[in-house]
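One chain, chain A, links the two complexes that follow: it is found with chain B in the first and with chain C in the second.
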Partner chain A sequence: MADSLIIKNLNASIGDRQILKNFSLTIPKGEVHAIMGPNGTGKSTLAKVLAGHPDYTVQSGEATLDGQPILGQEPDSIARAGLFLAFQYPSEIPGVTIANFIRAALIARQEKGAPFDAKAYYAELYAKMDALKMDRKFTSRFVNEGFSGGEKKRCEILQMMMLKPKYAVLDETDSGLDIDALRIVSEGVNHMRGPSIGCLVITHYQRLLEYIVPDRVHIMYDGHIVHSGGKELAVELEAKGYDWVKKELASA
Partner chain B sequence: MQSPLDSRLQEAETQRFATQDWFAELRRQGWQQFSSLPLPKRTDEKWRFSDTRSLSLEHFCLAGVPSDEVVDRLIAQSHFISRPSGLLVHIDGHCVLRPALAPELATQGVKFESFEDALRHHPALLKEYILKHCAGLGGEKFLALHQAWLRSGTVLYVPKNVEIKQPFVSVHWTATEGVAIFPHTLVIAEDGAKVTLHDFQCSAEPQLRALAISAADLYAGKGATISRLAVQAWGLATQSFEIANTCGAKESLITSVNAALGARRARLENTIRIQGEGADVRLYGISVATGEQEFDQRTLQVHDAGNAKSDLLFKNVLLDKARTIFSGLIKVAPDAQRTDAYQTNRNLLLSPEAEADSLPGLEIEANDVKCSHGATTGQVNPEELFYLLARGIPLPVAQELLAEGFLEEVLAKVDDEEAAAVVREMFRQKFHS
Partner chain C sequence: MSENDESQAQREAIEVDRTKGDFKYAEDYAFDAGIGLNPQVIDYISKVKGEDPWILEFRQKALKIFNDLPMPTHWATQDLDSIKFDSIRYYLAKGQKPVRTWEEVPEDVKETFERLGIPESERKFLAGVEAQFDSEAVYSRMKDELEKQGVIFCGPTEGLRDHPDIFRKWFGKVIPAGDNKFAALNSAVFSGGSFIYVPKGVKVAQPLQAYFRINAENFGQFERTLIIADEGSEVTYMEGCTAPKFETATLHSAVVELVALKGAKIQYITVQNWSANVFNLVTKRGVAEEDAEVRWIDCNIGSRLTMKYPGVVLRGKRARGEVLSIALANDGQHQDTGAKMIHAADETSSNIIAKSISVGAGRSTYRGLVHMPKTLKNCKNNTECDALLINEHSRTDTYPAISVRGQKNSVQHEASVSKVSAEQIFYMMQRGLSEGEAMSLAVNGFVNDLVKEFPMEYSVELKRLIELQMEGSVG
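On to the complex of A and B.
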C-alpha cells in the first residue's frame, strides 16, 4: 500500500474544538474517492489539516503520501511532496497574475537554479486553459481577483492540471458552480484521472458525483468515516438524506 | 580634486555664475539661509518619528569631472528605456551626456537641457520658475543647501499644445566617495502640452557614501499633462532628500510616481498645489525598505481652487529593521468648493522588527468637499499566504510575490509599460539582494 494516501487515526482540533476524531482513510493511487457528509462534520478541516494549515492542531495520528509522512510538515513542502488542495474558497491575490503565480509554483518544483522553459510553459498553460474554456486573457489577470465563483473553481483546476500532483483533495469544488461550469470543471478532473493520481472529492451534494464518478464513497459524520461503499452509496444518501446518517449510521 | 562644502568654496563656485547676477544672488541667499537654520530635531513636529540623530551634512565634498572610463561605463548603464525622446546623464553633478534634441522636437520649441545649459540659454525661464516655493514640510535647511550649491539638473520645457509621447529620461549618478550633489528637475508644460519624464538616481558603487539633496518643480499649464516617474535607487550609504513642488493649473493632469529603493535614509517632501479649477493631480509612492533603511515621506495637498481633484497613495513594504514614516496633510481653502481629495497610506510589514508610522491629516475650510484619508499597517494576509504555500511556493518566495502584488497597484499607474517593467525588476532584484 505504499502507493496510497493513507490517513490513520487522525485527531485534530481548532482552538479547543475537537474536529477530526480517529479519522482513517486510504486512497490508493489511481482511484477517486468521495467524502460526503453534513455541514460541520469536519470535511473541510480534513482538507486543511492534510495541506498543513497552521490554524489546526494535530494531536495524534498519521498521514502519508506514498509512504512519506506529511503531518507537521510546512504547507509548501506538503504541496511539493505531491498533495494538491483545490480550495472551497480560493483566496484573491491582488497584484499577482495567474501566469506568475503558477510559474512560481512550477519553479519551486524544479531543481534550484535550473532554467525555466517559459515557451513550453505558456504552450502548456494555454492548452489547459483552452480545455477549461478559459479566456487566455486570464493569464494576466490577478489570481481570483474579481472572479466569479465558476472562474475561481476553473482556476483551481487549471492549477491542478499544471502542477500534476500525486494526490488531489477537492474541497466542495461544486459550490458556486452553475451546471455548465460544473461540467467543464468535472471534465478537467476526469481528464486527469488515471493510474498516476489519487483524488479525494469532498462534497455536500451528490450532484458533482454524477460528473466525477467515484470509485468509493465515504460518509463522514462527527469527525470520522461512519460508512463506506461504492458509487451507489451517494445515490442512496441523496434519497435518504443526512438524517439517515445522523440517526442510523452515527449510532452504529 | 575634492574640497569641503564651506563658505569659501561656496563663494568661489558662485563666482562662476557672475554673469547671472540673479542666480549668484539666489545661491548666496541659499547659503545664508542654510547657515542660519538649525538641523531638525526629533521634537520638531515635521520630523516626528524621523531619526534626526543620524542626520549628517558634514564631510561631504564636490567632485570633479569623472574620468572617461567612469563616464563610458555609467552611460552604458543609463539606457533604462529603449527609445526616449531625450536622455541626459549626470555624474557627481556634471552633465556627461547631452545629445542634441531630435529636430522635430527642437523646431517645435521643446527644450530638454542640463541645468547649466538652460541657465546660459534660457535664464529668464529659470528665473521665473525655479525655487518659487519654500519647503514648508520641514526641509527648509536642506532646500537652502540645495539652493546654495545648485548648478546641475534637468530642464524640460514643452510649448503650448505640443504633445510628446515618448518619455524623456534624466539619470543622476554618484561615483565619488563622499560626494554631495544637488540635482534639480524643472518641468514646464505650457497650456495643452503633454509630456513624460523619468528621473533615475543611482550610485556607481552600492557602498558609496554620498549626500543627495534634490529638488523638483513641476508646472502644468491649463489643460496640460505631465507624468513623472522618480526612481530613487541610490546605494545604501547615501542620505537622500528630495523636495518637490507640483503645480496644476486649470484642467491640468499631473501624475507623479515615486519609487524608493536605495539610500540609508531617504526623505521625500512633496507638495501638490491645485491652482486652477478642474485640475487632477495624482501623487503615488512605493518603496521596499530593507536592513536599517528609513524612508520618510511628507506630503501636502493644497487645494486653492475648487472643482478639482487630488489623489495620493503611498505603499511601503518593510523588511528587517527598516522604518517608514508617512505624514500627509490635505488642505482645502475656503472657496475651493467641490474638491475631491484622497490620501491613503498602506504599509506591509514582513518583519516583526520593522516599523511603519503613519500620520494622515485633513484641514478643510470649504464645506462642499469629498475628502478622505486612511492608513493601514499590517502583515501579509495569512489566508493569502497559505494559498501560495499550498501551491508549493516556499515562504520567502510567497512573501515576495505578495509584496510585489501589493506594489503592483501603484506600478499600474506608470503608463509607460517599459519603465514600469524596469522598476518592477529593480524591486525584484532588491528582494533577492
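On to the complex of A and C.
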C-alpha cells in the first residue's frame, strides 16, 4: 500500500484540548473519500494537522504519503511532497496577484535557478481558468482579496489544478457556495479525478457528494472515524441526521 | 516548535544577506584628515582639494553652526547620542582623481565595485556613472552625446571650480548650512557627490547613476549633490549605497539639493543597502519652479538609524512634488523617514506615499510635514502611509504634521497598519513556499503598488533586495 495516504492512530491537540483520538484512515491513490460529521468533531483539525499547521501538537501516530512520513515536517515540505489543502477560509494576500502566487508556488517546486517557462504557464493557467469559468481578469486580482465565497473556492481549485498534488484534502469546500458555484467547483475536482490523485473531501452536508461522488464515505465523531461505507452512507446519514451518529454509532 | 525556536527560525528567515557588500580592502590612504573634527581638519580638506577661499569660509562657518546646534534628541531618537564625533575620520582618499575608463581605476577599488556589479549595470542602461570610494570619486563617465549637449556630470570640487557661474548660484541655497545639525556637518566637511547640470530643453532619457561605498572603519562619508535641471529639461538620477559590516558605528551624512527650473522634471532615486552599523542622516530637498516636477523615490534598507525626510518646496505655479518611499527596518534597525511638502504657490500639488516594513525588533517611524499657507489657493496634497509588521516585537509610529489654511486647498491623509499573520504564512507555505519566500512575497505584495511606479530596472533590483532581506540564510 505504498501508493496511499495512510494515517495511523493519530492523536493531536490544540492547547490542552485533545481533538484527534486514535484517528486512522487509508486513502489509496485514484480514490475519492469523504469525511462527514457534526461540527466540532475534528474534521478541519485533521486537515490542518496533515498539512503541518504549527498550532497543533501531534502526540502520537503516523501519517505517510506514498510511504513518506509527513508528520513533524514543515508545511512547505509537506506541500512539495504532494499534499494540497483546499482551505475552508483561505487567507488574503494583499498586493500579490493570483498569477504571481501560483507561479511562485510552481517555482518553489523547481530546482533552484531552473528556467521557468512563462508562456506554457500562462497557456495552462488560462485553460484551467476557462474550465472553472473564471474571467481572465482574475489573474491580476490579489489572492482572495475582496473575493466572494464562490470566487475563493474556485481560486483554491484553480491552485489545486495548477499544482497537481498527489493527494488533496478539500476542507468544507461547499461552504458558502450557491448551486452554480458548487457545480463548477465540483466539475473542477471531477476533472482532476484519476489514477494519479487521491482526494479527501471534508463536508458537513451530503449536498456536495451529489456532485463529487465518493468511492468511500466515513463518518467522524469525537476525533475518530466511527463508521465507513459506500456512497449510499451519505444519503443514509442525510436521512437519519447526526443524532443517529451520536446515539448509535458513537456508542457502538 | 516552541516559541523560542519559532522566533529563532523567523530571525534566520529574515537574516540579512550582507555577503555581497561585506568585504573590505586595506586602508592605505595617501590623504587622511586624521581623527576628530576641528578647524584644522577643515583647512586640510579644503587645501587637499585646492578650493577657492570662499568655499573654505563656507566650511568654517558651517563648522561653527554644527558646534552651536544641539543634537535633535528632543524629538528624535536618543540613539543619536551614540555618535562619537571625536572618533570619526572625516576625509580619506588615495589621492585619486576620477578616471574615465574603468581600466584606470585602482585594482582593489575596481574589484570592490565589480563585486557590487557596478560597471556591469552601466553597460546595460545608464547614461552616466560615478563611483565614490570613501571621500572621493574614483570613476566618472558619461556618454559622449550628453557631453555634446552640454550636460555636466562631475563632483562638487570640479563643479565649483570649473563651472562656478552655474553651481555657485544654487550651492547651499536649497539647504543652507544652518538647516539642521547634520546639514551643517556636511557643509563643513563635504567631499564627493554629484554636481549635475542639464541645459534648457535637454531630456536625458537614461538615468545618471552614482555609487557610494564606505570602505574604512570609523569613517564618515559626507557627499554633496546638487542637480540643476534648466527650463524644460528632464533628468533621472539614481544612487546606490553600501558599506561592509564593521563593529563600530560609521556615519553617512549627505546633503542633496535639487533645482527644477520652469517646466523641468527631476526624478531622484535612492536604493540604499547600508550595513547595520551605519548612522544614515541625510538632508534632501528640491525646489520646483513653475510647472516643474520633483520626484523622490527613496528605498531605505539597512543601516542602524536612518533619518531622512526628502522634501519639495513648490515655489512656482502648478509645480508638482512627489515622495514615494519604502523603508525596511530589520532587527536592531530604526528607519525614521518621511517627507516634507512646502506649498509656496497657487495650484501646486503634492503626493506622498510612504510604506514601511518592520521585521523582528525593527522599528519604523513616519514623519510628514505638509504646509499650505492661507495666501494660497487650489493646492492639493495626498498623503498615504502604510506600515507592515512582520511580528509581535516590531514597532511602527506615525507623526504626520499637516498645516493647511486658505481657500480651496485640499488635503487627503490615509494611514494603515497591517500585519503578516501566521495564517497567511501557513497558507503560502501550504502551497510549497518556504517561510522566507512566503514573507518575501507578502512584503513584495505590500510594496507592489509603489514599486510599479519605479522604472523597471529599479523595481527588479528592489524586489531582489527584499528577497535577500527576507530569505537570508534559509536555503
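Keep this in mind: the second predicted complex is superposed on the first by the 252 of 252 C-alpha atoms of A that agree within 3 Å, B and C clash if a C-alpha of one lies under 4 Å from a C-alpha of the other, contacts with A are read in each partner's own complex, and residues count from 1 in each chain.
Criterion: a residue touches a chain if its C-beta (ideal position, glycine included) is under 8 Å from a C-beta of that chain, and two chains touch if they have at least 3 such contacts.
Fair warning: this is a prediction, and the values are worked out from it, not measured in the lab.
Trainee: Where does A:181 make contact in the superposed view: on chain B (first), on chain C (second), on both, or on neither?
Mentor: Once the two structures are laid over each other on A, A:181 reaches no partner at all.
Trainee: Is A:6 contacted by the first partner chain B, the second partner chain C, both or neither?
Mentor: Touch partners of A:6: none, neither chain B nor chain C.
Trainee: Could you look at A:79 and tell me whether it touches chain B, chain C, both or neither (first, second, both, neither)?
Mentor: Both: A:79 reaches chain B and chain C.
Trainee: Kindly classify A:134 by the partners it touches after superposition: chain B alone (first), chain C alone (second), both, or neither?
Mentor: neither
Trainee: In the superposed arrangement, does A:199 touch chain B (first), chain C (second), both or neither?
Mentor: neither
Trainee: Check the residue A:109 against both partner chains and state whether it touches chain B (first), chain C (second), both, or neither.
Mentor: After superposing on A, A:109 lies in contact with both chain B and chain C.
Trainee: Under the contact definition given at the top, report the residues of chain A touching chain B in one complex and chain C in the other.
Mentor: 51-54, 74-76, 78-80, 85, 87, 90-96, 100-102, 104-105, 108-109, 142, 159, 163
Trainee: Where on chain A does chain B make contact in their complex?
Mentor: Those residues of chain A that touch chain B are 51-54, 74-76, 78-80, 85, 87, 90-96, 100-102, 104-105, 108-109, 142, 159, 163.
Trainee: Write out the stretch or stretches of chain B touching chain A in their complex.
Mentor: Per the touch definition, chain B meets chain A at residues 381-384, 386-395, 397-398, 401-402, 404-409.
Trainee: Which of the residues in chain A come into contact with chain C in the complex?
Mentor: On the chain A side, the touching residues are 51-55, 74-76, 78-80, 84-85, 87, 90-96, 100-102, 104-105, 108-109, 142, 159, 163.
Trainee: For chain C, which residues count as touching chain A in their complex?
Mentor: Residues of chain C touching chain A: 1, 6, 418, 421-424, 426-435, 437-438, 441-442, 444-449.
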